[in-house]
Amino acid sequence: MTRMNVEIMYEEKPKLKDPIFIEGLPGVGNVGKLAAEHLLEEVGAKRFAVVFSKYFPPQVLVEDDGTIKLVRNELYYWKRDGGKGPDVILLVGDYQGLTPEGQYELADAIIELCADMGVKRIYTLGGFGVGKMVEEPRVLGAATTGELVEEMKESEVIFSRGEPGSGIVGASGLLLGLGHMKGIEAVCLMGETSGYFIDPSAARQLLIILSNLLDLKVDLSKLEEKADQIERITTKLQDIEKLEKEGGFEDLSYIG
Amino acid sequence: MTRMNVEIMYEEKPKLKDPIFIEGLPGVGNVGKLAAEHLLEEVGAKRFAVVFSKYFPPQVLVEDDGTIKLVRNELYYWKRDGGKGPDVILLVGDYQGLTPEGQYELADAIIELCADMGVKRIYTLGGFGVGKMVEEPRVLGAATTGELVEEMKESEVIFSRGEPGSGIVGASGLLLGLGHMKGIEAVCLMGETSGYFIDPSAARQLLIILSNLLDLKVDLSKLEEKADQIERITTKLQDIEKLEKEGGFEDLSYIG
Amino acid sequence: MTRMNVEIMYEEKPKLKDPIFIEGLPGVGNVGKLAAEHLLEEVGAKRFAVVFSKYFPPQVLVEDDGTIKLVRNELYYWKRDGGKGPDVILLVGDYQGLTPEGQYELADAIIELCADMGVKRIYTLGGFGVGKMVEEPRVLGAATTGELVEEMKESEVIFSRGEPGSGIVGASGLLLGLGHMKGIEAVCLMGETSGYFIDPSAARQLLIILSNLLDLKVDLSKLEEKADQIERITTKLQDIEKLEKEGGFEDLSYIG
Amino acid sequence: MTRMNVEIMYEEKPKLKDPIFIEGLPGVGNVGKLAAEHLLEEVGAKRFAVVFSKYFPPQVLVEDDGTIKLVRNELYYWKRDGGKGPDVILLVGDYQGLTPEGQYELADAIIELCADMGVKRIYTLGGFGVGKMVEEPRVLGAATTGELVEEMKESEVIFSRGEPGSGIVGASGLLLGLGHMKGIEAVCLMGETSGYFIDPSAARQLLIILSNLLDLKVDLSKLEEKADQIERITTKLQDIEKLEKEGGFEDLSYIG
C-alpha cells in the first residue's frame, strides 16, 4: 500500500459491456452481504481487484491454514454468455469505512471505478431493520430517479412512504447519492429484517427480486438452509422467553 | 463529487447587489432552521447551489416518491423588486458538520462564497436554550462590531451580559467569527427556547425582528399554526406531570 | 482564515533580543493560565499575534458589550528596559487543541514561531494534579537537559522521581519535546494542585519561582485575593461535608 | 519535527545484510513489548532511529533525572558476528497509534523502512488474550504464506484453527498485511496470556521460540524473575478470591 487513503489494486482489467454493479457489504442483519456473496458463489464470479484503506480497521484476519488476510473489500466480475443479459460487477467485503469521512472517500473511489468501467446501473443491497420479528420479509426500494422507481415497482419492489424514515446510511446510500451525481442510475434494495440476527431469510427474498431484475436463475437452496438454521435457533429462543414469561420464574423459586 | 472535503455545486450564478446572507441550519430547538425555511417559502426564493461534504453524515434521505437525496446544505437567492431593499441569500440544510474540523471547513467555504458574491451583511439564526419553558421568547443578539450591536438594539434585539454564557457553537457562531476576519459584518439572532422541543414560537419571534431588519412583510400564519400544535402537545404533557405530582404517587401507594 | 489547519495572524512583528517564551494555556486547575495571564497584566505586555485553528472548538465567545470573539490563542510580548533581563513572549488562550493530532500541529506551529523569533528558552506553566487538598503547593519541574534540571534546582524547583508519573500531556509537554528537537531549551513548571478547582494559590507559588528565574518583581496581590476567595469557598464545602459525616444523616432521620 | 504525520529521525544509517525485523510494541499483556525489550537488552542492540508521530499521544514522559522524552517508537540494530545468522532490527516503543488511520500510516512508514533496508523477514511479537489464567502459555502463529506456516510449525509454533478468531489488531497485524503487499515475508508470534496482567511468562515462552528461529542464545533469567514476581501477586489474589468464595460470604452473614 502506498500512503493513499483508498487503494484499489487490480489483478485484471476485464472489459465488460454496460455492466451492472452490485454492492453487498456488511450492514443491518448482513442482508446485503449474504445476498451478494451467495450470488457471487452461485454464478462463479471472478475477482479482479482488491480495495484496501486506512479507513478500515487496522487488522488482519487469520485464515484456517494459518495465513493472514488484510481486511479489505473485493471486486468480482461475471461475464454472461452471449445475449442473456448484461455483465455483472460485485462488491463484497469484511467492513465498511470506520468514519463518516472514510465512508465518503471509499464510496467516491468506487463511483469513480464505476464511471471508468462504463457501469450503467448500480444495485446496492441492504437490510431494512424493523426491530421486531418478520414473518414474510418485504423488499423495499429507493432509487435515483422517478422512472427507476416505476420500473422497480413493476418488479414487486415495495416503495412505502416513510420507510426507511431515517434514510439509508453507509455504502448502500452513498453509492446512490454519489452515483446520481455522476449520472449513473442506481437502486437500493432492502430486505426487511428484525436486525437482531444475520438474516438469510431476508437475503433470499432480496435475491428473488434481484434475479428477476437481472433475468437470471440462482439456486437459493444454500441460503434457505442457512435461513432454516437461524429460524430453528430463534424459535428456540422465543420458546424459552415464552416459558419464562408464563411460569419460568415460579419454577425457579423451587431451587432456592 | 470530487474528493474535495467541501463541494459547492452551482446550478446558477445569480448576480446580486450587496446581498444580505441569512443562515438557518439545524440547532437548538431548530429555531434557526424553522425561521429560515419559513422565510424561504414565503418569499419564494430560488435555489442556486448545493453544498455536499464528507463532514456530513454518510447518508441519503428517501423522499415520499421513493427517490433519494444525498444529505446537503442548500443556497437560495431572492431578488427584491426595485429599491425595496437588498437582495437576499439563504443557507438551509439537513445537517451541520459532524466534527469540529468539518464545521470550520464548511464555514470557511461559505464565507469564501460570501466574499465572492459581495455579501455586505450576514445574519445567522439560532436558538438560545434556557432549559425551562419560555412564555414569551426574547430574541438575543451578538454581533461582530459595537456599531452593529447598537443598530440591533434599536430593532429590539436584546443584548444581555452573560447570555449566552457559553458562547455560540456551530455555524451560527463560526460565520460571525470567520466573516469578521474577512471584513463582513455579521449578527447572530437567537430565539429564546427551552430547547426541549422544536420551537416554532421562538422562530416566529425571530422572524418578526428579522423582517423588520430587512424591511419586509412575512406572513407568519403557518409558523403560528405549528407553534399552536407544539403548545397543545406541551400543555398536555405539563398537565400529566402536574397530575402525577399532585396525586399520582399516592394513587400508586394503593398497589403495594 | 484560509483553509490552513493552524493560522498565526500577526498584528505586529516585534524585534526581540534572545526572548524567553512563556506558555500558560488552560489545563489542570488552570494553574498555568492563571499565572501567565496575571504576569501579562502586571507587566503590561502587548499583543502581537493571534492563533486560530480548526482544532479549537467551532465556537465564538460573546463579550460583555455584545461583540463576539472567535476562540483563539494569543501571543504577547514585553520589552524589558535596558539590561534588566531578556524580553518575554507570552502565549495564552481559551483552549488547547481538541484532538491529539491538533495538539501536535498547534505545538509545531508555535515552535516554528519560536525558532523564527530567536527564542532562547521556553517555560511552560501547568498544574500538577494530586487529587487531594494541598496546604502548601510545591512547584515541580521537568526540563529538556540535565544542565537545566540542575539550574532549576538552584531556584527551588522540585524534581521528584516518579512525579508526574504519567508524564506531561498537552502543550506544556509538547513544547518541551518539540522544542528540544529544534535545539531550544525548555522547562515545564508545575504548580501542585488538587485539580478540583481553579487554583490561584498554586499559580501564586508558580509565579514566585518564575519571577525569580526572570529576575523580575511581580505584584501578586490580585492572585492572592482570588486564592483567598477560593479558599473561603472550599473551606465552607469542607465544613458542610464534615457536618454531614458527623451528624448529618442522623438529623435527616427525624424527617421520615 | 516537521509537520509530517510520521517522522523517522535517523541517528545512524547502519548497513545490514538481509536483516530480520522484529516488532515488539505495547499490546495484550504487553507480551510483545516485554519480549522485544528483553532481547534488545540481552544482545546489546544499538539505537539508530526514532519515530515521532502526531498519531501518538500529545505527551512527554519524565525520566528519573527530571529530563523529558517525547513519546516515540525506537529502532535498534544488532550486527551478529560473522556467519552466525542474519543481522537484526528491533522496533520498540511507548505507544501504538491512537487512531486506525494513524496505525495504518505508522505501519506503512515502517514497511517502507523495511523495504529500504533490505529486510528479508519480519517477526511481530504479541499476546493472545484468552481471558482466563494460563498455566503453560502456548505460542501461536500466523504468517503471510503457507510455506512460512509450515516452517513455523517445525519450530513448535502452534497454528490452531479459529485462534485468534478475531484476527490480529494493530502493528503486529498490519506489518504482516502491508509487508506481504511489498513482498516481505512475515510471521506473527503470539504468546498466550490471560490479558489481565503484563505477562513476562508468556514473553519468556515467546523468546524461547524466537531464539530458536534466530539460532541464538538469550539469557532469560531476568524475564523469569519478573514472571515469578507476577505469579506471586496473582497467586495471592487468587487465594483471596478462593477464601471469599469458600467462606467469605458466610462470615459476612453474621453482620446482618
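Chains here go by letter, A, B, C and D, matching the order in which they are written, and residues are numbered from 1 within each.
Keep in mind that, in the parts below, a contact is a pair of C-beta atoms (placed from the backbone, for glycine too) under 8 Å apart; a residue touches a chain by one contact, two chains touch by 3 or more.
These numbers come from a predicted model, not from an experiment.
Chemist: What shortest step count links chain B and chain D in the network of chain contacts?
Modeler: Steps on the shortest route: 2.
Chemist: Between chain D and chain C, is it the same set of residue numbers doing the touching on each side, over half shared, or a different set?
Modeler: Different residues, largely: of all residue numbers at this interface, under half are found in both copies.
Chemist: Can you tell me the C-alpha superposition angle of chain A onto chain B, nearest 5°?
Modeler: 90
Chemist: Measuring centre to centre, with centres taken as mean CA positions, what chain is farthest from chain C?
Modeler: A
Chemist: Would you mind pulling out the distance in Å between where the CA atoms of chain A average out and where those of chain D do?
Modeler: Each chain reduced to its C-alpha mean, chain A and chain D end up 37 Å apart.
Chemist: Distance-wise, how many Å sit between the C-alpha centres of chain A and chain C, to the nearest whole number?
Modeler: Spacing between the chain centres: roughly 53 Å.
Chemist: Can you pull out the residues of chain B that are in contact with at least two other chains?
Modeler: none
Chemist: What is the shape of the graph in which nodes denote protein chains and edges denote touching chain pairs (line, ring, star, complete, other)?
Modeler: ring
Chemist: Taking all chains into account, which pairs touch?
Modeler: Chains touch in the following pairs: A-B, A-D, B-C, C-D.
Chemist: Which of the residues in chain B end up touching chain C in this complex?
Modeler: Going by the criterion above, the answer is residues 97, 100-101, 103-105, 107-108, 141-146, 149, 152, 159, 161-164, 167-170, 173-174, 176-178, 180-181, 188.
Chemist: For chain A, which residues are in contact with chain D within the complex?
Modeler: By the definition above, chain A touches chain D via 1-3, 9, 52, 54-62, 64-71, 98, 102.
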